[in-house]
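What follows are several structures.
Next come two complexes built around chain A: one with chain B, the other with chain C.
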Partner chain A sequence: MEKLLEIKNMSVSFEKDKKTTKIVRNINLSVNRGEILAIVGESGSGKSVTVKSLMSLLPEYAHVEADGVYFDGRDIMEMSPADKRKIYGKDISMIFQDPMTALNPLKKIGSHLIEVIKRHQKISTREAKILAVKMLQEVGIAAPEERMKQYPHEFSGGMRQRVLIAMALCSHPKLLIADEPTTALDVTIQAQILKLLKTLHKKEDMDIILITHDLGVVASVADRIAVMYGGRIMEQGTKEEILYDPKHPYTKALLKAIPKSDTARGTKLEAIAGSIPSFADLGEGCPFADRCEHASVRCKNANIGRNIFSETHSSSCVLKEIEKIEQGA
Partner chain B sequence: MAKYIFKRIINAIPLLILITMLCFALISLAPYDAVDAMTTPKMSPELIEMIRQKYGYDQPVYIRYFKWLDGLIGGNFGYSIVNKTSIYNDLASRIPNTIRLVLPSYITAYILAIILGLIAGANKGKAVDKIIDSFASVSLAVPTFWIAMILIYIFGYKLRILPILGMHTVGNSSLIDYFRHFVLPYVVLTFGFLPGNIRYVRASTITEYSEDYVMVQKAFGASKAEILFSHVCKNALLPIITKIGMALPALVTGAVITESVFGWPGVGPYFVRAVQGMDYPVIMVILVLSSTLVIVGNLISDILYCVVDPRIRRGA
Partner chain C sequence: MEKLIEVKNLKKHFYKKNFWGQNQGVTKAVDGVTFDINKGETFGLVGESGCGKSTLGRTLIRMYEPTSGKIMYEGEDIAAIKKNKLNKFHKKMQIIFQDPYSSLDPHLTVRDIIAEPISVYEKLSDTEIDLRIAELLKKVGLKSDDMNKYSYEFSGGQRQRIGIARALSVNPQFVLCDEPISALDVSIQAQVINVLEELQEELGLTYLFVAHDLNMVHHISEKIGVMYLGKIVEIGDSDDIYFNPKHPYTKALINAIPRIEQERVLKLDRDVIQGDIPSPLNVPKGCRFHPRCPYATERCRCEEPELRIDADGHQVACFEA
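Let's turn to the complex of A and B:
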């Protein structure tokens, strides 16, 4: 399968007050053409940091190391900042968690769109305007002509997210990174936005990385899932493999924690014991070891192998070590 | 928007009345009044009583207040006890001098502060920022009269290239002569207005850079220059409108110390002399005038905000 994005052995660390904290550890991840990849994890699992490092959005104290981050055949890590700016907003676009603060409050919606269009396409302001109206229409904003003249505060949260999606789509990106795009929205709007993303994914032939902590969202849109915890990818596979045949104890615990519609009233909800560890406390071993019911001494080992279950399905756990084919990858 | 402006103006009126009351009450409460200023202990009690009646000081406070207010509204500010001159005429000749000095200084300080503040804020934590910020912090702590003295010492005494007093050399009303007098107090005042404004712009710029939309713009491939000029700049400068409003009272009483040091014939020395001579009518008028300008200045800021910021425009 052809890969649009391939992250090879990427690590991110934050250096503050002369102390280095590893946030993302040796991640290998790829996005195939024509798919929606969901990165799932709790808050603080490093999923946002992973994608922000692709977009050069991390603060200055962050250090990114990788054997290569190939987007469309080119290594992003090797690009100059100016070259990167040429692809950001054009070939790779990103939408964010909180649409309420993502737009400049003093700029009209129209100028937001026109600015992005003109940045990446050599067209006149008039043409850009026509395109902007078309994009707003495409993301389902009624009366786009009038809406262009309005300010962000005149839009609801869901509408602002649509505007951001329109901004992201202006130059027909190959990849859209959606960082918890529906977390700040209420449930009905959430469903609309997800549906829109799915439609656009097909219509625009655009691959999507969807970051979320909502497994319901994942189940409805993703093709493939990567489960992150403590800055590592614990398990990845197709949606069916992860949701119906989870191998990693963490994934299993996560799925168990979803309340079911037939759960009797008064039943205690399942929860994973303990809380997510701070990055500063994490050693080289499995980050989930302290909360895992199958944990053993081996989990503290520096090298947790990768278990391969199928061409698409793999997990990082000492369990089933026999099936390990690649070591330390 | 018109409704909002109208509402703000209506709101300002009771505040103005309150201010005149406060000024009048404060002066009335002072242990020494205008009659004391006009009489000497050697005068007979009958004579003092006569003077008291002549100036209406035998009447109750509220009647005196209304008479005074009536005069203020009609442009009759009363007379200076010390000089016996009309306060209105005094101020009419002095305020333009003050404005001539304060306005250019304020504008210069403003422009410099915007440039330096934006540079510092956009490069937070880097060397440029540290230099600008420490300059602002240090000069904020330096009193203007000290700078004035140093400049007078260097340019007026050591080098002897600039005059140190007044606005004109007697008998010489050329523009060059005026500028020679103007330059020192202008520099001192600019220096006085500068640091506070720099810190204000810097803080505002830093806040703006931490907003989400800046990150979003980065994600959409905006360069540093695009982010600064097309986004952050306007938003960061918005709060500075407050400072425009604050500049209004400064046009009258913003340079009291500097004017006094340089003997600039503005409101400053007039006010200082009035305080020294316990010239109550003058003090009251200047108090009312400057506090009125504070309110009017605020009103202007609010209206400007309303014009510039779409969120307020609509919220109104």
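Let's turn to the complex of A and C:
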């Protein structure tokens, strides 16, 4: 399968007050053409840092190292800042969690869109306006011409997110990075936005990296899933492999902690003990070791191997055959 | 089942006033709500943001002044009590807040945070307070020496445990849980839900659990009420609402839950309901849900349906259901 984006062995560290904290460690990740990849993780798992490093959106004290970050066959790491700028916002677009803070409250919705369109295409304002109306229509905003004249505060949360998606689509990107796009929205609106993303994915031939903490969202839209914890990818595979045949103890525990519709009421939830570690406390070993019921001394060591279960499915855990151990116990 | 709280036609309206105190419009956040909460049970209240569920909860414990209606607590009307006599009730009714970061004072130690309500409602010596706090902390799964730490030394889930300990410090009968897990990570949510359930069993607490995560609400509640634009549109047994919803809005909400189970995964091509929740400043005439409802008829556009109760106690406000 052809790869649109390939990240090879990327690490990100933050250097502050002469102290270096490793945030993201040795990540290998790729997005195939025609695919929606979901990066799943809790807060402090490094999922946002990973994608922000792709867009050079990290603060100055961040230090990114990688064997290569290939987008459309070219290594982004080797590019000059000017070349990078040609890609950002054009070939790769991004939408964010909070649609209110991403829009300028003093600017009309129309001028937001026109600005983005004119940035990427050499056309007159009038032509850009026509295009902007078309974009709003495409993302499902009724009466787009009147809506162009309104301000962000006159839009509901779901509508604002639609505007952001329209802005991201103006340049017909090859890759859309959606950072928790529905977390701030209600479930019915969330379903609408997910539906929109999925339709656009097919119609515009645009691949998507979806970052989320909600495994239910992932189940309805993603093709492949990467599970992150403590700055590492714990497990990755197709949606079916991760959700219905998980191998890593963290993925398993996470799936168990969510109430299912058929768990009888009153049964205790299988909570994961302990709390999420902070990056400063993490060593070379497995970040989940302190909370893992299968943890052994080996988990604290560096160089946790990668277990390969199928062409698409792999996990990083010292226990290669957890299932057998569970059955034996 | 013994009723602890009976809410009758409760209203909370917020008035927007201009400089001269003239009314400029009214937000009917809670607009005539009637329901009961049984002793020792959890009543789950769900709905989208802006539907008035938090306002209802807060009016119920008189954090907000009700506009009209009755709140019968063990037979006594709380809504009619003078403000200076409320202390007696506030000791019985406590609240756990959504955001464990902004609801704990960073200048106070955990001991001071939990001791504050005790010193308001009871006269105890410092040693007695310390003993009680140590016990409370153990109950919610923290250590008794955590007492001398500050709230910022704890993670989100641990802070929410401190919030729970504070609510329980005056031995209330009723706790309003106002989205207590929404701000927490998935792996931590289950911990807090388990603590709440254990404490309910141990102390015989009654909860009003306000949340938008229907999966969790179904898990923790005996009964569920569904709110839309200031009104309850459906009340019923938790399993009934979850597996057999009758109101079109409840159906839409339940359908929109992103689920993991393979056979129940959200189908984006058919399960999605159109439109946004209207502003409570401008409530649609007739049934409040009719502009978004796929089954709306002429009658729904002009007449507002009332909650009807059927044989098995399920209540729905819909002409068609």
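In this text, the second predicted complex is superposed on the first by the 320 of 329 C-alpha atoms of A that agree within 3 Å, B and C clash if a C-alpha of one lies under 4 Å from a C-alpha of the other, contacts with A are read in each partner's own complex, and residues count from 1 in each chain.
Criterion: contacts are C-beta pairs under 8 Å (C-beta built on N, C-alpha and C of every residue); 3 or more make two chains touch, one makes a residue touch a chain.
On a predicted model such as this, the values are computed, not experimentally measured, just so you know.
Upon superposition of the two complexes on chain A, no clash is found between chain B and chain C, which fit side by side. On the chain A superposition, the C-alpha centres give an angle at chain A of 70° between chain B and chain C, rounded to a multiple of 10.
By the touch criterion stated above, A:261 is placed in contact with chain C alone, chain B being left untouched.
By the touch criterion defined above, A:271 reaches chain C but does not reach chain B.
When the two structures are aligned on the shared chain, A:244 is found in touch with chain C, with no touch to chain B. Applying the stated contact rule after C-alpha superposition, one finds that A:102 touches chain B and leaves chain C untouched. Of the two partner chains, chain C is the only one that A:214 touches; chain B does not reach it. In the overlay built on the shared chain, the residue A:43 is in contact with chain C alone; chain B does not reach it. In the superposed model, more residues of chain A are touched by C than by the other of chain B and chain C.
Superposed on chain A, the gap between chain B and chain C at their nearest CA atoms measures out to 7 angstrom in whole units. Every residue of chain A that touches chain C in the complex is listed here, in rising order: 42-43, 156-159, 186-192, 194-195, 198, 213-217, 219-221, 243-244, 253-255, 257-263, 265-266, 268-273, 275-276.
Listing the residues of chain C that touch chain A in their complex gives 48-49, 155-158, 185-191, 193-194, 197, 212, 214-216, 218-222, 238-239, 242-243, 252-253, 255-262, 264-269, 271-274, 276-277. Note for the complex: chain B touches chain A at residues 211-213, 215-223, 226, 230-231, 234-235, 238, 308-311, 314. Listed in rising order, the residues of chain A touching chain B in the complex are 55-57, 82, 84-90, 93-94, 96, 98, 101-107, 115-116, 119-120, 151, 153-154, 164, 167-168.
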